[in-house]
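Just so it is clear, A, B, C, D and E label the chains in written order, and each chain counts residues from 1 on its own.
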Amino acid sequence: MRLAVAANAQYVAQQLADEFKKQTGISTELIVSSSGKLFAQIEQGAPFDVFMSADMKYPLELEAKKLLLEKPKIYAYGQLVLWVPDGKASPAALKDLLLSDYTKIAVANPQLAPYGQATVEALKKQQLLTALQSKIVYGESIAQVNQYLLTGAVQAAFTAKAIVLSPEQKGKGRWIDVDDSLYSPIAQGAVLLKSSRVNNYEDGRKFYAFLFSPSAKKILAAYGYK
Amino acid sequence: MADLQPLWLSFKLAAVTTIFLLVIGLPIAAWLSESKCRLKPLAEALISLPLVLPPSVIGFYLLIAFSPANAFGGWLVSWFNIRLLFTFSGLVVGSVLYSLPFMVHPVQSALQSLPRNLAEASYTMGRSKTETFFKILLPNVRPALITGTVLTFAHTLGEFGLVLMIGGGLPGVTKVASVAIYNEAEALNFHAAHVYSAILLVISFCILLTVYTVNKGRTNKRVVI
Amino acid sequence: MISVDINTNLKFADATELSVQYQFQSGEISGIYGPSGAGKTTLLNIIAGLVKPEKGVIEVDGVVWLDTDKKINIPVQRRNIGFVFQDYALFPNMTVLQNLRYAAGKAADNSHIEHLLTITGLDRFKNEKPDNLSGGQKQRVALARALAGKPKLLLLDEPLSATDHLTRIELQQQILQLQQEYRFTAIMVSHDKKELSALTTNVLKIDNGKIVNIGTPSQIFGADRTYITLTAKVIGVENNVAQIEIGDQVVKIYNRSGLVVGDLINIGLDTIDALITRK
Amino acid sequence: MADLQPLWLSFKLAAVTTIFLLVIGLPIAAWLSESKCRLKPLAEALISLPLVLPPSVIGFYLLIAFSPANAFGGWLVSWFNIRLLFTFSGLVVGSVLYSLPFMVHPVQSALQSLPRNLAEASYTMGRSKTETFFKILLPNVRPALITGTVLTFAHTLGEFGLVLMIGGGLPGVTKVASVAIYNEAEALNFHAAHVYSAILLVISFCILLTVYTVNKGRTNKRVVI
Amino acid sequence: MISVDINTNLKFADATELSVQYQFQSGEISGIYGPSGAGKTTLLNIIAGLVKPEKGVIEVDGVVWLDTDKKINIPVQRRNIGFVFQDYALFPNMTVLQNLRYAAGKAADNSHIEHLLTITGLDRFKNEKPDNLSGGQKQRVALARALAGKPKLLLLDEPLSATDHLTRIELQQQILQLQQEYRFTAIMVSHDKKELSALTTNVLKIDNGKIVNIGTPSQIFGADRTYITLTAKVIGVENNVAQIEIGDQVVKIYNRSGLVVGDLINIGLDTIDALITRK
């Protein structure tokens, strides 16, 4: 069965797929891309079964286009973190970003990525946005923001907690939580696609059910999702 | 060890696209090089036009065009049962469209620079335009033909935005090396991305080096000292 | 018979009109003579079908090749011609032999091609590409190539201008012989009166796009009155050279016509470019 | 109404890149066309190599190279105070690298097909190699030069992956039209995306059509009938 | 004096050696004569610096241009030469006038260029591109262009082969006149004995890459014994044509040397390509 997944959730999706296989013996192909691209492809009949988006905008849009078998459901709430590379003292608060240590700060494009939107919201609330404006560079997605940080192109990045908690990235740099009162919740929706009916309907439905099962919840929580 | 299938797919796509472009592009180049038709500049401009939009945007528009829900895509399915979305054939069609100018323009410009009486001499020998083209004109623009072929091949290997958009990155079907590298890089598996890139570069480099070495010593310059 | 009646503008510099009405004899070699820029090459191009005149009719042995009024225009490919281009137009991607084979087409006659290579002295060079040949060698390839397809009509645009004296005379002989063998019709542009005299039965003299004189070579060039005729006696023959006695002087001539010792001959000499010294 | 700044940035980037490539690419093409050096095929292969990787991957490697945290990028900053990440200059450097083969190869192959004695004739007149190149050789490969220029210009207009990677999407600095179109399409603002695409296409089409129309009637073919 | 002593392989077909040792006189026109493929063009290319011989020394008026042993090799650009290429090598992107201007360089002498255009009869065509010219017109552009820069050394590779008789003779006169005016040294390849006789003071005859004969034109061509000399009287002069009487025949000659009525002259005629008819 084919699982289309937004880049921020790619690690956890892999873990979920592994667990799903253990339980049902059904293997899962992951197609990782940005939510927007996946949306456009699904709209034109891409042969995916389940789509894990980074937000609720695309799932609702798909529903409006009558491409779903069920109403979209929220599988997790994403958490925003501030990530800095090794060798820098971790900032105690967001306002530390004003220090000259941080020449460039990566933020996901708020127009496209829910994490970017949350970042802007948080910075605004702390009245830091204008002061930091000249330092900010935009990544197309959370994934690019991460690349900017790991390649040393920027000295700080706002990313998803799921990234820094993943076994793959654990221990790289330091991070602090962004207080979740500073931004509206990042609701991430998953959908069961109509195209699944010609594809792997049974398997798709099973995975979709599994995604909202307690064992999946546990895995999601381990990646910092609420 | 990295999965080698995306690399194999990439080379297959590049090869098939190049072959198609030789078949389609050369007649177009031939026509453009000798046509005095008023519409010629229009045709030339149209051929270069796809370059102007980013591949992912072209891909987006092709996605819409090829969709069975829309007129063209629906027609393809109902009349020929051809599906171009999320299939290898679709990638070929997209790449052919996008790389067309890389094949057509270099060959066309070289043909235009040939002395005209080469073709004329061949005609006096009773040879048709087609035969003249393949036996006389084309062999005499060999460097340009190689340029066109290499640019097309390399560019298709490196094509990404378009392929991702209309291919959907399905493993074994449309997930070519460029998509795989991109995915690995997005997953922050820089090591895997480096490995893919390195293999792609090494193989391509060997191919390119072979082509250029075989083609060496074909300059018509005398050693001027 | 090749009857040509055409009118067209020579487009460059000043719009002179090329206007030629003439009937070339079939199975013979005709000559075209005239100054540089007169329109000789253009006329050959029109007969070949490489240039379309604004107005005109070309009829070859009863077949209409061109009639601008009736919109008839047989394409060059179907005219069965051989063409020696003034600038050779050899195919750079092919060797000498391949150039000839290509011209001969599917029904290539190998012994004919070998023969052509031999008489043009190109045997040693048959596997060379044209770029590696000297000027005269290239020109000989162009001649051999035009003959390779055994054309019905041979168009020669100064085919021997880059060859040396002896080669030139030998090739003239060979052209004559081939023409007698295959009976093709030929039209030859040349600046060399003696060449035209030796090869052609009639000459068309054009200047500035117009016919200015028509006739046999001796009529045309005799009219210039730059010829003197002397009487001589053949006193020796050796290969294709004959020794003759004119008055008290003994000189060599090229023996084209199988002279034998003792023959009495008339010898025509062109004085236009004689070497003059005051006494 | 769409914000026109990205379009303006795109054309600026394409123009600057094309100019740089004329300056850098033509000498390279000249050298390659007449060199008999043993390393020539190597140089030719290297020039084509960047094409083989997707622009976004090239962008990724440039990101690493230009990053002030790394040797090269750090050296650029500390010695020259040049920053290539998230700046317009960086985009130019990247585009120049990526589009190099589009300029070099067509011109080189055309130069190789010129009769060699054109250059020789010019040398006998006491003219230097440089002067010969610009006054004799280049004007006689005009169609190829136009091909190279058009391919470079159009391709840079449509460049996206690389620009996105090392540009950082800064409005007015590095957010070119291709990025803007992409963003709008991903944000489901299809209308805005269509408008940008349409403007880009129309302007480019006019430019291309002008180039090809001006260059028309330069075929050396006689009307063969 | 241009002393040439070179050895090199003619690379194609069979590896013949081109081996020439000769001293061309400064301020005069020398000729090179020999069959097609002998190595004439290659020799000019070597003197010009366009081809480097495997071994050799070239010294021009005391300056060493080439010494392969001492690794001296003055680049072609600094040799101050004019070169008429056998295949013209005109610049297709430039008009006739621009071709000449480019050759003349910065110090272009406009009246000189105008003069060259006039004597080559190219005035009307000066704004045409070479592609629009006839064969003979192109060749005349090549000649004018080689002279445009007032070179010290002029290398002519069959510079008049594509021109008609009268043009050819006129241009020969013009070359002679220009040479007398500017005193350049010239080396001319030609297949035309009369041309070499009229223009050159000495001729190098080569065959198969080797010198086979050296001498004045009459020594070289006299040895062929194909010349007869007749006595004649000038009976009329009109422009550049003279009428002469030989025995009882009256013919025209080209008046190169300012003959006047009543002059007695010797007239040398080449019999090698005479028109022969049996009595």
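Assume a residue touches a chain if its C-beta (ideal position, glycine included) is under 8 Å from a C-beta of that chain, and two chains touch if they have at least 3 such contacts.
Quick caveat, the model's predicted, so the values are computed rather than measured.
Least step count on the touch graph, subunit A to subunit C: 2.
Summarising the inter-chain layout, the chain whose CA centre lies farthest from the centre of subunit E is A.
The mean-CA centres of subunit C and subunit D are about 53 angstrom from one another, to the nearest whole unit. In terms of their C-alpha centroids, the spacing between subunit D and subunit E amounts to 49 Å. Subunit A and subunit E have Cα centroids lying 84 Å from one another. Note: centroid distance subunit A to subunit D, computed from Cα atoms, is 36 Å.
Contact with two or more other chains is made by residues 37, 40, 144, 147 of subunit A.
Contacts with at least two other chains are made by residues 49-50, 75-76, 87 of subunit E. Annotation for subunit B: residues 60, 115, 120, 123, 140, 185, 220, 222-224 touch two or more other chains. On the side of subunit D, the complex with subunit B involves touching residues 33-36, 40-42, 44-46, 48-49, 51-57, 60-61, 101-102, 105-106, 108-110, 112-116, 119-120, 123, 140-141, 143-144, 146-147, 150-151, 154-155, 157-161, 178, 181-182, 185, 193, 197, 200-201, 204-205, 208-209, 211-213, 215-224.
Residues 11-14, 34-37, 40-41, 86-87, 121, 124-125, 128, 132-137, 140, 157-158, 161-169, 191-194, 197-198, 224-231, 244, 246, 249-254, 256-257, 259, 263-279 of subunit C are the ones that touch subunit E when the two sit in their complex.
Those residues of subunit B lying in contact with subunit C across their complex are 115, 117-118, 120-128, 135-136, 139-140, 142, 220.
Interface residues of subunit A facing subunit B in the complex, by the touch rule stated above, are 2, 7, 10-11, 29, 31-33, 37, 40-41, 44-48, 141, 143-144, 146-147, 150, 163, 168-169. Across the interface of their complex, subunit B is touched by residues 48, 50, 75-83, 85, 87, 89-93, 102-103, 105, 131, 149 of subunit C.
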